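Note that subunit A is present in both complexes that follow, paired respectively with subunit B and with subunit C.
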Partner chain A sequence: MSAGSSPLRRFTRSRSAVVGATGMLLLVVLAVFAPLIAPFDPTAQDGDPLLGPSGAHLLGTDQLGRDILSRLIHGAQASLIAASGAAAVGAGIGVPLGLLAGYLGRWVDAIAMRLVDLLLALPGILLALVMIVVLGPGRLNLVLAIGIGAVPEFARLTRVATLAVRDRDFVMAARGMGASTPDTMLRTVLPNVLGPVVIQVVVTASMAVVVEAGLAFLGLGTPPPAPSWGGMLQEARSYLYQSPTYGLFPGLCLVLTVFCLDRIGRGLQLAVSGGPHPATRPSTGGAV
Partner chain B sequence: MSGAVNGVTAHRDATSVAPDPGAGPPVLSLRDLVVEFATPAGVVRAVNGMTYDVFGGETLGVVGETGSGKSVSVLAALGLISTPNLRRVTGEVLLGDVDLLTLPTAELRRRLGRDVAMVFQDAISALNPVRRVGDQIAEALRVHDRTLSSTAARARVVELLGLVGVPHPVTRHDQYPHQFSGGMCQRVMIAMAIANRPKVLIADEPTTALDVSVQAQILNLLRVARQETGAGIVLITHDLGVVAETADRVGVTYGGRIVESGDVTRIFTRPRHPYTAALLGALPRLDSASDRLLPIPGQPPDPSELPTGCAFAPRCPISRGRAVCTEARPEPVPDGSGASACHFPDEAASLLTAQADDPPVDQDDPGEPDNDPAPVLDVHDAVARFPVRSGVFARACAWVHAVDGVSLRVPAGRTLGLVGESGCGKTTLARLVLRLVEPTGGRILVDGDDVGKAGRSQLRRIRRRAQMVFQDPYASLNPRLSVGDNVAEPLRLQGLSRGQRRGQVADLFSRVGLRVEHADRLPSEFSGGQRQRVAIARALACAPGLLILDEPVSALDVSVQAQVLNLLADLQRETAMAYLFVSHDLAVIRQVADEVAVMYLGRIVESGSVRRVYDDPRHPYTRALLASVPVPDPVGRADRQRVPLGGDVPSPVNPPSGCRFRTRCPIATDRCAAEEPPLRPVAGGYTACHFAEETVGLAPEVPA
Partner chain C sequence: MYGHLVRRLLQFVVVLLLGSVAVWGFTFALPGDPATVLLGADASAAELAAVRARLGLDESIVGQYLSWIGHAVTGDLGASYYSGQPVVSDLFDRIPATVQLAGFAMVLTLLIAVPVGITVALRPYSVVGRVLQGYLTAGLAVPTFWLGLLLIIVLAVRLRWLPASSDYVPLWENPAGALSATILPAAAIAVHTSSVTARFLATSLGEVMGKDYIRTARAKGVPERDVIRRHALRNASLPTVTVVGLQLGGFLGGTVVIEAVFNYPGLGRLLYTAIGERDYALVQGGVLFVVATFLLLNLLVDVFYAVLDPRIRLT
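This part shows the complex of A and B:
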């Protein structure tokens, strides 16, 4: 069929997905070029404390006189690193685990799934808390802590998709032409299970943004004075009466980021599930 | 024409299928039905002016290939299409004198199931699995008659179940669908359909999902249902044999409309549309294997861009590019007992006779195998069993005997046809050859190498010499790789460089009749027949000595099926490959095979040369199977007493003792239960029956 059914087309046909992708792109640009874009040094205490929004400081200043806008822009880095890092760790461990478990089955499956059950038994945020306490705060540990919490979802999802694909004729055909097991897994099975995994990456990323903020709110996130949205929320809590707008902006940032990621996830879902138009496939056994 | 039809305009009259004289007004008429869907690729006109009449007490066969609009038209006519992309349904659907398309939904619903009833293809999924079968039939009754008491409904349901031939109707009433076999489910569906004595019974591919022996039972039952209710039956099918056996009149669909209609004998003996004639030429025959099928070139038309002229013109053997064919859509012209939508019906009429006179293409009747060279495939006493696990520790509590002691030999350049009903183990046997299923016992030699004992690397080498083509070309190609890469996969596994692969892929594409420019497209952009060519190209990539073809044409339309069968025949002539051709279709096997083996419940019951097995079958199962196949020749169908095989195939978990066929065998004796008949030489072939010498005198019809 024509280009009308390519995954990219289907993705762009969903308006909300395009909005989400644009918002995310903007955020990435802001985070990457933060030093160039931010009007002030995020750690410089050069203004009056707890100012409301004004011409000099567009979104006001915090309790130490730092520019909130600049801190938000720099804080995006922490959120995005947590998001992408956690998704990468989760997928990096979970997908191979699920692929092995689903394709090889038997004892590999049993062991891998018991490991996953073990992780699932602990709530993700608790797991992250414990890991941060044990490993100590820091960006890398944060990413690891959130990412490992996301492994079970990736592993289960990949396993289920692999089970569905494993006995399909084209996998049988690959084995029948003499492909080795690793080759079949990587070249034939993996590309066919990636669809749902890509969606899970986006879902995990948005989850990681929230968890990172939560950990920062508990004082276990990015160590001060580096800015992070969760940390800003926590500080704003103490000054809710003096400066009500202080907490509003980091909160809004979080909401918008999660919204954008969610929209992207939805668009991807459409793009992946679309496939060829059903009318072009014959009904079962409808052969002459 | 009858009174109701006279109400419509003259040219519409001409398009309708001619009625049986004196049949009264039609019970259902489709008039110029157009159905369109909106898709990303544009507007798809699935039905393009479908017009036909059905009269009470007759069977109208609507026959056509996939996508010809035969099913969509009735679904749309009854308002059963609810997809959001349905764009429009226009025309008239007259049930008596009411136009169903203009009725409000509530009114339409009152008529569905009461005046018009449908029987669907997949009976097992059409029944609600969590409700008792009897209650589901009773619901069909009570929906249209609220006053019916439950006792009366029950009595009527039991009566209906008896009528459709469900044994022990009283006990069966309270069972669930999973306790019914596929054939029994279809009987239940028919009981449900005739429960309210409808005026029209629409059967949409009612036997496609069933085995031949069960198919014959269901076709008989439809005949009974028609006598019982006096309903007009619309039998929608792709199977010309089914039509020839059961229909009174036939409408042939192509490109969303009826291209030819008429009396069944006329359609099959004197077709006046080139498509009908070509379809008959492309059909493998059970009664006589032609040397070469005559495929229809090209692909069926794309309903999103139907040509302005005749939809068949691009593939038509008599059009020869004449302007009138490509510019003006031919309207059906009635003549005699039918109508043909062709500009040149007389030329079409001469087509079938001309084809029959074609000289046979170099037929080198191989006769007997010359000096018995070492076979490419030698299967000796192969056994495959699967455990049925249950309980906490997943202990095997029973075994499915899928393949139980089968021996075969296929020499180079020859084709062994393996035929049997579903569940007989033929696909498992095919997979055993490549050890895609682990054998439980026996020995399988490919070119002298033992597949069962081969180590990992040797097995990989064997798998390159023996390749497999799967049934469903939609499932056997990796959807994420382009067709070129799919074909190149076996070459990549051999370690060929990208450039070498590209060259070979181009060569393979041209050998199977695909265009090299299309190598970068994804499989989803191809039709079924093209995909099967891709799958064959992939199988050829390693230049194998043995090709295992597992129902390679079962998912294809007749016209395309003939193309693929001819391609396979050509490839075999070029390369002297050995084929193991697995199929449930006896006519296809007759067309392609040199030797045939008939399988029943994991065992071979009869084998031998095609001529021996088809013309002189000695095993009662083979005889029954051959008698069950609908023959696409309505002439003399009344004389062909087709008494179908009773019952269903027993479960392979617990096969009957002694001869496995004895539970359905008309000549079984005590000896058959006690003693398993060996496969022994009988009349130039091999037959596993104690009474093989005596079956020859048996009439083909066996007491049910």
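This part shows the complex of A and C:
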């Protein structure tokens, strides 16, 4: 490893990571400036229904004559909100849980880990489905429902990382100098376990994109008429015979988003682990 | 080893109990009283009270749980609020379909993942290796339900080779029919899960190939085929077993969306419909079944693991 290889340098040196980061940046710009970029109003029914791609409507129109391209651009918002929100919820609950379990050990650990085992036992999409019915529809509840499913992974990897540093000399030193338990956990242990957490944030984001789309496909995602890629796929499913291209584009958007996040995740892995070690641990989620 | 297994078994029981409380509890958090749902908004108070008494909703909370769990352990999960049928028989109607889909998907997953994982680990820079790495990246990025839609568009709508919606055809009654009805949803699932599994296998195989005992085996003249099969693959397969176990558990309750895409009458669809109809008893029973099966599979994987790898028994 060369002298000046900081994590950021290692990240930017990985070509696929840069490709992924650029793609995500582009997507964020599209989502934020959607009203300025989209050629049409995403909810305006101003074309003939189910047109194929043409000069006026580059990707065609849906069953109500709405411009598919404009709906895709606006739909990026739903995916990105779900992705960032679910990652925040998952990390926000899972990291403290794992930190407490790993650092305090004993009964705290036992209780926290049984809770984690329980959450893991319910497949993500089913958990989210039940949560949405309990909480009711809406964007915030959607984020909560998906995020809760991401808690176990955050808790587990934070716990493992905490266990690995708990008895190291620098933690002992902090305690020896009189730092309280909460202070040691937050200031000394937490910064040293964040590496795997950052990677998990990206993995969770890509899981959330797929689960949000799956829920929208079942009619339980982002409430209409706001466009979402999963919701568009649900509509496209009813018109497979009339307009086969309709179902193509929302899925491609999903694929590109997940692809970019996957590349970023791999880049981060290189950056954190400090070398081209291919020890990737792909998420098991996503098979909805 | 027995200490480890006993502890693991205790954990299983604790989590299952915890799960039963949670499953039973969160249907209480659902909006809407089941009696109101059943009778409609304009039912009289007397009618509502009668239905509540019939469903046991007038007992104390603890009493309701105890009677529910008491019946559950004897295989009685109550009656569906909607169809009036026993929940267990509703579940058992769908379980064969779900097991068949899960089985097909798992077989396809392993058929793809094992050769792909081995090739990617051993020949990462060959042409084939690079193509397969592309497959892994794509397989992870493509959502299963969209792939399902694409398969329907191409194979069912355009080419008319296979049916667009998949009914459940029992394998032992009509193997060819079962294959053609189940192959599309199974393939849509397997592309994703095989990519996950193959990545795991490739990673651990890659790590194992650098170990000293592989060099020793080569040095003493073991043919490369046997080095890979006997020394490397056996050691590398351990983490993969865990993943496969988790995936199989996920197949049993987690294929809700794929079942919706293909109109496949599995457990996921049943639960999704039950949630929509606020059929509390069915949701409770179904989710409990899914959780219990998942935990049991996990337990079996851990036991299997301990049998395969003596070092696990010490921890």
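Definition applied: the second predicted complex is superposed on the first by the 271 of 288 C-alpha atoms of A that agree within 3 Å, B and C clash if a C-alpha of one lies under 4 Å from a C-alpha of the other, contacts with A are read in each partner's own complex, and residues count from 1 in each chain.
Definition applied: a contact is a pair of C-beta atoms (placed from the backbone, for glycine too) under 8 Å apart; a residue touches a chain by one contact, two chains touch by 3 or more.
Keep in mind the model is a prediction, meaning the values are calculated, not measured.
Engineer: Considering only touches as defined above, state whether A:36 meets subunit B (first), subunit C (second), both or neither.
Structural biologist: A:36 contacts neither subunit B nor subunit C.
Engineer: Once chain A of both complexes is superposed, is A:8 in touch with subunit B (first), subunit C (second), both, or neither?
Structural biologist: Neither subunit B nor subunit C is touched by A:8.
Engineer: I'd like to know which partner A:178 touches here: subunit B for first, subunit C for second, both or neither.
Structural biologist: After superposition on chain A, A:178 lies in contact with subunit B alone.
Engineer: Using the superposition described at the top, determine whether subunit B or subunit C touches more residues of subunit A.
Structural biologist: When the residues of subunit A touched by each partner are counted, C comes out ahead.
Engineer: With both complexes overlaid on chain A, does A:259 touch subunit B (first), subunit C (second), both or neither?
Structural biologist: After superposition on chain A, A:259 lies in contact with subunit C alone.
Engineer: Could you look at A:191 and tell me whether it touches subunit B, subunit C, both or neither (first, second, both, neither)?
Structural biologist: first
Engineer: Look at A:169 in the shared chain and tell me whether it touches subunit B only, subunit C only, both, or neither; answer first, second, both or neither.
Structural biologist: Touch partner of A:169: subunit B, not subunit C.
Engineer: Should A:241 be classified as contacting the first partner (subunit B), the second (subunit C), both, or neither?
Structural biologist: second
Engineer: Show me the subunit A residues, by the header's touch rule, that subunit B contacts in one structure and subunit C contacts in the other.
Structural biologist: Looking at subunit A, the two contact sets intersect at 279-284, 286-288.
Engineer: In the complex formed with subunit A, which residues of subunit B make contact?
Structural biologist: On the subunit B side, the touching residues are 37, 39-41, 44, 46, 64-67, 71, 121-122, 205, 208-209, 238-239, 431, 434, 436, 456, 459-461, 463-464, 467-468, 470-472, 474-481, 489-490, 493, 524-525, 528, 535, 538, 541-542, 553-559, 561.
Engineer: Under the definition above, what is the set of subunit A residues touching subunit B in their complex?
Structural biologist: Counting only subunit A, the residues touching subunit B are 1-2, 4-5, 168-170, 172-180, 183, 187-188, 191-192, 275-277, 279-288.
Engineer: Residues of subunit A touching subunit C in their complex?
Structural biologist: Against subunit C, subunit A makes touches at 114-115, 117-118, 120-126, 129-130, 133-134, 136, 210, 213-214, 217-218, 233, 236-237, 240-241, 244, 247-248, 250-251, 254-256, 258-259, 262, 278-284, 286-288.
Engineer: Going by the contact rule at the top, pick out the subunit C residues touching subunit A in the complex.
Structural biologist: Its residues touching subunit A are 11, 14-15, 18-19, 22, 26, 29-31, 137-138, 140-146, 149-150, 152-153, 157-158, 164, 189, 192-193, 195-196, 199-200, 202-203, 206-207, 243, 246-247, 249-251, 253-258, 260-261, 268, 271-272, 275, 283, 287, 290-291, 294-295, 298.
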